[in-house]
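Provided herewith is a single structure, encoded as structure tokens, for subsequent inquiry.
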Amino acid sequence: MIVVMAKEAAPAELEEVKRRIESHPGLRPQVFDGVERIVVGVLGSIPPDLKDQLELLPGVIEVVPISKPYKLASREFHPDNSRVVVNGVVIGGPEPVIMAGPCSVEDEEQMVSTAKAVKAAGAQILRGGAFKPRSSPYSFRGMGIEGLELLKTAKQETGLPIITEVMAVEDVDTVAQYADILQIGARNMQNYNLLDAVGEIKKPVMVKRGLAASYEEWLLAAEYVMAGGNEQVMLCERGVRGFEQFTRFTMDVAAIPVIQRLSHLPIIADPSHSTGKWYLVTPVALAAVAAGAHGLLIEVHPNPDIAKCDGPQSLTFANFSALMGQVHAVAGVRKVPAQV
Amino acid sequence: MIVVMAKEAAPAELEEVKRRIESHPGLRPQVFDGVERIVVGVLGSIPPDLKDQLELLPGVIEVVPISKPYKLASREFHPDNSRVVVNGVVIGGPEPVIMAGPCSVEDEEQMVSTAKAVKAAGAQILRGGAFKPRSSPYSFRGMGIEGLELLKTAKQETGLPIITEVMAVEDVDTVAQYADILQIGARNMQNYNLLDAVGEIKKPVMVKRGLAASYEEWLLAAEYVMAGGNEQVMLCERGVRGFEQFTRFTMDVAAIPVIQRLSHLPIIADPSHSTGKWYLVTPVALAAVAAGAHGLLIEVHPNPDIAKCDGPQSLTFANFSALMGQVHAVAGVRKVPAQV
Amino acid sequence: MIVVMAKEAAPAELEEVKRRIESHPGLRPQVFDGVERIVVGVLGSIPPDLKDQLELLPGVIEVVPISKPYKLASREFHPDNSRVVVNGVVIGGPEPVIMAGPCSVEDEEQMVSTAKAVKAAGAQILRGGAFKPRSSPYSFRGMGIEGLELLKTAKQETGLPIITEVMAVEDVDTVAQYADILQIGARNMQNYNLLDAVGEIKKPVMVKRGLAASYEEWLLAAEYVMAGGNEQVMLCERGVRGFEQFTRFTMDVAAIPVIQRLSHLPIIADPSHSTGKWYLVTPVALAAVAAGAHGLLIEVHPNPDIAKCDGPQSLTFANFSALMGQVHAVAGVRKVPAQV
Amino acid sequence: MIVVMAKEAAPAELEEVKRRIESHPGLRPQVFDGVERIVVGVLGSIPPDLKDQLELLPGVIEVVPISKPYKLASREFHPDNSRVVVNGVVIGGPEPVIMAGPCSVEDEEQMVSTAKAVKAAGAQILRGGAFKPRSSPYSFRGMGIEGLELLKTAKQETGLPIITEVMAVEDVDTVAQYADILQIGARNMQNYNLLDAVGEIKKPVMVKRGLAASYEEWLLAAEYVMAGGNEQVMLCERGVRGFEQFTRFTMDVAAIPVIQRLSHLPIIADPSHSTGKWYLVTPVALAAVAAGAHGLLIEVHPNPDIAKCDGPQSLTFANFSALMGQVHAVAGVRKVPAQV
């Protein structure tokens, strides 16, 4: 249930609404201070007469039940698109935001050269993995804090903000010191303790879709983060597990307009992980942009043949640059709804 | 295995190549007379020394083994894109071809008004089901021949060529009298007798992907048609069955560039059946075009609320017209490879 | 909707019920003459007041709406298990019926020796493919009528009734002359013309589950056959397409009790096709029997290494014989419900 | 690669083998002291000449490369079945071990009465969730440490050892104080930090299969735990996500013999979570036992209608007791291979 209040409502009126909500055991208010109105989410199991009580309070315009199991993430709760702003880059607006870089941080030369190349081609955010989820315990699992330091160096050299994955609750604070956006990987989409932990920080979080997650489960993962108080959440479609093994995963391009229908959160697409083959990245990236994606996550490596991970799906600098030209062309003609 | 011959090879040289192939029990030649060269496919289980024998014959440039289980459908066999031409409309070229119309033929008013509307909006081919595959024996199964007659009327009124489904071997000749393109539905993709039957006619055939068909199985279905002698084949991605039931099927947009990599056949996309929801048709259609689709199959109905089938996924005339504008915009900026 | 009549209802009373149903355009009655009562199915779109009308007729005990889209196949329509009797073998009773034999008929020696071996081990029905659905047009597609003749020979030698696949409408009459049970393969589960055709014959039909068919779609396929007037239908779970490719398909063992809950039709399991590996056939066969399967379909070959198809999943005579001992042991201790 | 040494090898010989392995940077030995021989796993990237070097050392019988990406979990590494012994209960032997109890710990009365009931019916291990993974942040997430205390009480009352889930690295030590077996849930199967953490304790661990995990990914998850030094690992098949939503998940019964083929680890089945419906639990449980499962995980509740979670799939005491009788009957006739 949400309580919609006038933008000009007095602070005391807002406090009274919160107090009434908190007077019920198990309920708690969550305030979103919007441009045109103030919205207070009522989280917990709603008593039958609460709606009537709250509607009578001064400053309250209306009280609206939310039918979905996810509340804060739902479009009902927040009819306009949410925007996440990172170092001046707006995610969730009409322009797709490109996040590019290597699968894993390997060394300074690799990171800095890639950061410069993707920036020159038009990328706005730098990606790179310092903590890597790997199927095998014997695979390279990332450089850890040393990798975060190299990301920092690359950021200093180029000014590009950083997105990088956090895999463990105990690493959240450390990663948050380096990252501008924290990424929750597909394998951790239902690691609820981790979702709780990133809900308590004040940095944007990108929640990748689990390998076999339904739309509802995915939005509920975002809800975990938001219920913790962190509203700066975006989602990332990275393909689901299907029966066809020619591609690594099956890119579910319809997820992009579906999420825009159900939720106000920005939706990013990852054509690199979903396809697993560099020559499929460009057509699938363009498809995602045409379908309305707010951004792309693209793997780029100075020399994919010797990449420590995911070489087959990494673009060279030249291919990435060519892709960027086409992305802008498609983005220039598409129409992305601000409301659905 | 394919035998590549010079375009200027003498007819007797070609005959000798065919004779040599046929002299082996179980082998048979299939000739494709291309623009720059003549290609003879050798179908059947290849004896070890045949390659050497054929390479020595006059007029033969080279003999190339084909590694894929599908031969005639493979890109190795035919490196350039194939084009299927229907009443002057080129399918497989740089421009996407739009095939639109109702799920099922209902009456003359419905068919003619829809044909005129989709033509006015820019569609080049008219779709409409006369024989309908339905999950339940108690559902409306189409008007049959009466429906074909109404398609003919709509074609006469608008000049639009017709694509319609054929479901049974015994109907192939009849449907071929009315249709300009015969459609093999997803549920019949492995109805091998039907594939054999449409392999023997001289009309273009569109093979929709089965609900859970791998790329290889799908291309082998096309191979059935081609092995029968019918080279005018195109494929249609219409979504695969996935675990998410919010959409009817999961549109596998990566299938479009994958098929272009593996095969020379035109690849069409069906955003209506794959999504099952009209408000997802436009973004998914644009995604398919951006990914390189050679055409779209779109359901349009004068009044989706009273459609006899698939109303929820049918576009109104106005929505279809709006979609067409966006399709042309995206098509204008994309690049589709003629070779891969 | 079904009309339940007393077993001792007069023929004129039954006729009156049928007449009333037929007086409504689009409705038709289907009579099932049970042991304890007569049940008349009302097929078509039910007018609102028909239930009240029919309940007042003499001989009618009650009129019951059926909530499922499949009517004749539903447990609501026929609360007791149906039994299909083939040459004295009861399918659908407490004992599992074993159908065994080679994937495809190859020659007389192979067929007769296999028939004798599986009979000696305890199989009650002989399987063997004369018409083979194959992914590739270049694979062996079965011996056709010659294969049916060899099945006849094997039947004459052993007395075992025959189950074999029919793939085409035009072959139904011919196959029905040889076969005691006609099999509809997974790839044809939604070949509705074929389902209609086997609905018109008087031989038992086994409908295999489609590669990605839901329970409802599968039961509707059976409904097609039954709506044509053929009540002797059984179902066969043969695995569904999943993401794991170590096994050919994913055996959905829960389908066995689910089908028994939803339907009265016998349910058979095919551990050979579902697993694709001979060493998995025995444990999966025993699992199916323990879960309540009314029968098994098992591939057996004199020499799996040289089988023309599906050698990797075929059992040797010795392994089949060992399996049979274990099947009887498990069947001896399981409890299969006659009603659910 | 594994080094097989004679059981009577001198300690100094074993030390020399370990020293040689450790002399290579990045390599490390893992010793398994078997009944008939000593096996030393060589973990890391193997130099080309190491095999020859080690084979020449005294006490070494042979050096065998392991072809699978999982090493310690593979059947090649350990040809006999592994057994995990918990309070005298042998998991991995010929008798299936039944682990039963409620989805979540609710109160003392519920836990103690259930523990007594399942013990009386023949269960050997008590299950109950104190930390619960829930899709929604607003659902009941378990009683936490208070729940662990109630499990301890139930153990004291009945003597049944405890299996319970651990969801977070920071909870591992606490849960390990109460639990006899720690369960890694399906959603955490690729939470690699958690796998690392349970690899460092000395308690048995059960790794449930991820919702869409391949056999290889699942065995690699077990490998994470084993590579940490904890050899007491068992696996649990609990259904995979499929397209059919009538059941919660699709129980992959073939996984049981596949795991026994590929690995020496005990394999347990969970018919409650996989089916989601109490009336399917018994047939699917029997199927798993017939297929060779080393144990079952069954949800039992005093009153499923008021259970705080998973009521629809919980058995009553009476139904659980009836199931146990059938489990023993099937287990009495099946044959489970000790080697494959």
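We just call them A, B, C and D in the order they show up, numbering each chain from 1.
Here is the rule we go by: a contact is a pair of C-beta atoms (placed from the backbone, for glycine too) under 8 Å apart; a residue touches a chain by one contact, two chains touch by 3 or more.
Fair warning: this is a prediction, and the values are worked out from it, not measured in the lab.
> Please identify which chain has its centre, taken as the mean of its CA atoms, farthest from the centre of chain A.
Following the centroid criterion, the farthest chain would be C.
> Between A-B and A-D, which chain pair is linked by the larger number of C-beta contacts?
Of A-B and A-D, it is A-B that has more C-beta pairs in contact.
> Distance-wise, how many Å sit between the C-alpha centres of chain A and chain C, to the nearest whole number?
So the centroids are 49 Å from each other.
> Express in whole angstrom the distance between the two chain centres, defined as the mean CA positions of chain A and chain D.
Distance between chain centres, rounded to whole Å: 34 Å.
> Give the residues of chain D touching no fewer than two other chains, as numbers and ranges.
Residue numbers touching two or more other chains: 212, 240-243.
> Give every residue of chain C touching chain B within the complex, in rising order.
Where chain C meets chain B, its residues are 43-45, 69-71, 133-138, 141, 167-170, 187-188, 190-196, 210-212, 216-217, 220, 223-224, 227-228, 240-241.
> For chain C, which residues count as touching chain A in their complex?
Of all residues in chain C, those touching chain A are 241-243, 245.
> Which residues of chain D touch chain C once you look at their complex with the stated criterion?
Within the complex, chain D contacts chain C at residues 212, 214-215, 240, 242-244, 246-247, 250-254, 256-258, 261, 274-275, 279-280, 283-284, 286-292, 326, 329-330, 332-335, 340.
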